[in-house]
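Taking it in order: structure first as structure tokens, then the write-up.
All chains are identified by letter, namely A, B, C and D, in their written order; residue positions are counted from 1 within each chain.
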Amino acid sequence: MKKNTALRSDIAWSTPEAIGVHGYDLCHDLMGEVNFGDMAFLEVTGRLPDANESRMFNAILVTLVEHGIVPSTLAARMTYAGAPEAMQAAVAAGLLGLGSVFVGSTEGSARMLAAALPDGRGGQGAQPDALLAGLAEEIVKNHRAEKKIIPGLGHPIHKPLDPRTLRLFAIAQQTGFHGRYVALMQCVADAAGAAYGKPLPINATGAIGALCCEMGLSWKVSHGLGVMARAVGLVGHVLEEAKQPMAMELWHRAEEEATAHSRGKLHGKADGKGG
Amino acid sequence: MKKNTALRSDIAWSTPEAIGVHGYDLCHDLMGEVNFGDMAFLEVTGRLPDANESRMFNAILVTLVEHGIVPSTLAARMTYAGAPEAMQAAVAAGLLGLGSVFVGSTEGSARMLAAALPDGRGGQGAQPDALLAGLAEEIVKNHRAEKKIIPGLGHPIHKPLDPRTLRLFAIAQQTGFHGRYVALMQCVADAAGAAYGKPLPINATGAIGALCCEMGLSWKVSHGLGVMARAVGLVGHVLEEAKQPMAMELWHRAEEEATAHSRGKLHGKADGKGG
Amino acid sequence: MKKNTALRSDIAWSTPEAIGVHGYDLCHDLMGEVNFGDMAFLEVTGRLPDANESRMFNAILVTLVEHGIVPSTLAARMTYAGAPEAMQAAVAAGLLGLGSVFVGSTEGSARMLAAALPDGRGGQGAQPDALLAGLAEEIVKNHRAEKKIIPGLGHPIHKPLDPRTLRLFAIAQQTGFHGRYVALMQCVADAAGAAYGKPLPINATGAIGALCCEMGLSWKVSHGLGVMARAVGLVGHVLEEAKQPMAMELWHRAEEEATAHSRGKLHGKADGKGG
Amino acid sequence: MKKNTALRSDIAWSTPEAIGVHGYDLCHDLMGEVNFGDMAFLEVTGRLPDANESRMFNAILVTLVEHGIVPSTLAARMTYAGAPEAMQAAVAAGLLGLGSVFVGSTEGSARMLAAALPDGRGGQGAQPDALLAGLAEEIVKNHRAEKKIIPGLGHPIHKPLDPRTLRLFAIAQQTGFHGRYVALMQCVADAAGAAYGKPLPINATGAIGALCCEMGLSWKVSHGLGVMARAVGLVGHVLEEAKQPMAMELWHRAEEEATAHSRGKLHGKADGKGG
């Protein structure tokens, strides 16, 4: 067992008269000076954003906050119904479902693009070109060979185009983040559409994955953005559940329907029981 | 069992071409237009803030994001050490400790002030006066009689004054939120100091409790602000743990020290065991 | 800030060749020798149960394992639907709802009975008598005065009697745990029924609260029993969800119904937005 | 969006007078009749165990309950320190770290063995033979080629042999579960030891992985056993933390050490801030 490695954190410190966060004076440099999204940027990068980074980053977080009635908000509401005295636990329950199925495609597309274009930021031009088209062909081919879904493409509801993608890319144009990764993601969407014979446009998670690459944020950070933004949305759902509940009603309906076929039926026998 | 109450949520909806959040068009009214803190305000109040509300509210959230190495960040780091593949679970583990001991005093002071002054917003003048002094005396007397700690006063490190309180109240002056609840909280601090014979200045949680009252936000919302802000800070700690870990080292030290007294000692006997 | 208090745990230790748990040799005294319920008894009391304690304690845990489709199992299933790669998180999400509304009445009745009869175990006879009747009258009177629900009485489905209560008390008779606390709980049920003019029989949580008192287990332990038993049941529900899912279907129905009234409606305006 | 799939659960139902669990009458077939481990077996398999299954299964669960001061118990204690009113949340926080690093090797070895020997239960003899040796060689070769750790082998403390493995396999001999999967796991340990030039004996997670295969339990169930057993142990640690705390002390030490290098240092500047 290894021992006596020093413990070290570079995030924050306190003295009687001041608090430092990533080297900034919390009270004078941050409170009243930067918005909540900039503070989040500071937490994940260790520095404050410039004006373009601030606009792009806040837009990404705003996109991720609210998804309406989905499994994670239902988990939070179910939890609140049982433990209304611990609102933090209801929010936590909602966060726990932000795994591979829903939120995973943001980090999936960020990983895919960063792996294909390890040093692509600010690259040789932000237009699709033969190099990007070739990389995209290879990505699509490899995913098909391994029977894996290409992350960040298609959407069950938002058809033919995801309106968030259009808006995010417009903001990226205005702030200087519409670069090589966005172009590569577009090439991937085109190549996938051709390969599968149906439109597979970039959805919001694919757009955010590409924009995280543009901003130099790792795939791990991209997952973290989803987690922090959804925490905000989950607080909203818990507050609504407190005033206008649906968990109990949904429970009663589900219980009634799911067990009707067996209610009152027993097949157990006294023998065959363990000690 | 009651049945067939309609399920209803007024937070968000989706159609193929648009997403509505609290009546706003996500893509056109919110993304790129409002910052993450304003989006949080929308989630907890159902409307966007004006400029003063936005500055005050963002300042409150920024204050709450980061608390350095504390039990909740250690819980998150310990969880990440065991399940690095599920970052959302590490953040959730950190949120779970935001209960009565640390975060509870924000909602505690908000409840205390709102109960004493049910309609005090924008009241008859923001200066301490005889009415507020009387309410404060009563609050202190009641807490002493029930042997309860008055929430929002004193701090183990930030002495003699909590620098965050000074800054929050300065921003409140600038934005029009330095009103009756802030004055009442100051009266409570004075009365408590006199009663206990030692300085008990308003700490950051007491300041935020008072400012939530000024902004018309319920104590439940005040708790929610702590939860969402700390989720942002917890993402920062999980990302640091991934690069510069301390959980394993802390574990090994704790295990070594905590069990040294008993290691190798057995007193169990074969008899007296249950079936 | 206090410093250098020694860290100490008396639960377990490891050496290369042995593991001690509460003073027992895990491999020789426990594995293959005691059942899972006895191990749980050891964890919460620090010793192994005798045969009567083992039977009563295992029966209590068995009672608490499974409650069918309820909010906590639905929260677990919703979480599994989003993060199937982290089963532990789905179980944890289910546990988070075991708060004041559902599980709280076990610890509530244990606290109520222990407070009324601080040293009642093995008392002066296990039959209801004038002393117990008087204590029960007072309990009912106090709860009515404070408009609080008496924990452990009545059940929305199991009428007129909760079959689990009958069975638990029968096992208590056989194992020597049908004592003063059970008698007091029965007196409370009788007094409450008279006061409210309707039958309010002891439900399973009230029975378990009383039996925890009989076994010398604190109310905090009684809550812990619910948590550990439900963890077992939640694993069962997560495994069923993996094979025979209901979360996605329930989500789609809830989303469809809850947002139909507002879908497509916008009232947001460009003005009034914060910075 | 698919619609109107029926909701169905086959685990439990309630009527006013009875409760069914996997087809058994809870009050008459289970309470007082089976122990907590048998109830857990019922939850994960849908039937009660026979006497041999009961002994083996209870022994596995007993093995998994307690691991002393480890990251998951520290996460639970840290959480309890902040939210002592929500014990269930402290247990949940502890469960959240039961991911790939610690608990994953049980399911990892179960998956590995089941894939190599899809129909090996009760096979052609429980002794290592040429077939098993060949399968083991291939497993070791493949793991080395992919630079993956072979799950279930070696232990940082328990050397040269894990005492739990010896005991589990002895119980397996007595109960009829010392079959082809155990033999294959032994061949894997031998082949790995030869390949890596150092002893790599089967640890407890590897033994339990093999025994789950012997009992016909899937790798998903094997993960579930760890989760339910640790929930029991976590309740024990939370109860100890309530009486004999270490979280606050550990926090203060960690905070002091980790931030000493930077305390009081600021490098933030007013420029470069985002909007």
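Here is the rule we go by: contacts are C-beta pairs under 8 Å (C-beta built on N, C-alpha and C of every residue); 3 or more make two chains touch, one makes a residue touch a chain.
Computed from a predicted model, the values in this text were never measured in an experiment.
Student: Any chance you could name the chains that touch subunit A and subunit D both?
Tutor: Correct list: B, C.
Student: Count the C-beta contact pairs for C-D and for A-C, then tell me which is higher.
Tutor: Ranking C-D and A-C by C-beta contacts puts C-D first.
Student: Enter the angle, 0 to 180° in steps of 5, of the rotation superposing CA atoms of subunit A on those of subunit B.
Tutor: Rounded to the nearest 5 degrees, it is 180.
Student: Is the contact between copies subunit B and subunit D built from the same residues on both sides or from different ones, judged by whether over half of the numbers are shared?
Tutor: The interface of subunit B with subunit D is built from mostly shared positions.
Student: Compute the distance, rounded to whole Å, between the mean C-alpha positions of subunit C and subunit D.
Tutor: Each chain's C-alpha centroid was found; their separation is 23 Å.
Student: Rounded to the nearest whole Å, what is the centre-to-centre distance of subunit A and subunit C, using the mean of the C-alpha atoms as each centre?
Tutor: So the centroids are 35 Å from each other.
Student: Can you list every residue of subunit D that touches 2 or more other chains, as numbers and ranges?
Tutor: 1, 7-10, 12-15, 18, 34-35, 37-38, 54-55, 68-69, 83, 85-86, 88-89, 92-93, 96-99, 103, 157, 246, 250, 254, 258-259, 275
Student: Within the complex, which stretch of subunit B touches subunit D?
Tutor: 35, 68-72, 74-75, 78-86, 89-90, 92-93, 96-103, 246-248, 250-251, 254-255, 258-259, 275
Student: Quick one: which bits of subunit C touch subunit D in the complex? Just the residue numbers, please.
Tutor: 1-5, 7-19, 21, 26-28, 30-32, 34-40, 43-44, 54-55, 58-59, 61-63, 65-69, 86-89, 91-93, 95-96, 98-99, 103, 157-159, 163-164, 166-168, 170-171, 174, 220-221, 223-225, 227-229, 231-233, 235-240, 242, 244, 246, 248-250, 252-253, 256, 275
Student: Which of the residues in subunit B end up touching subunit C in this complex?
Tutor: Against subunit C, subunit B makes touches at 1, 6-10, 12-15, 18, 20, 22-25, 29, 33-35, 37-38, 41, 47-51, 53-55, 57, 83, 85-86, 88-89, 92, 96, 156-157, 254, 257-259, 261-270, 272-275.
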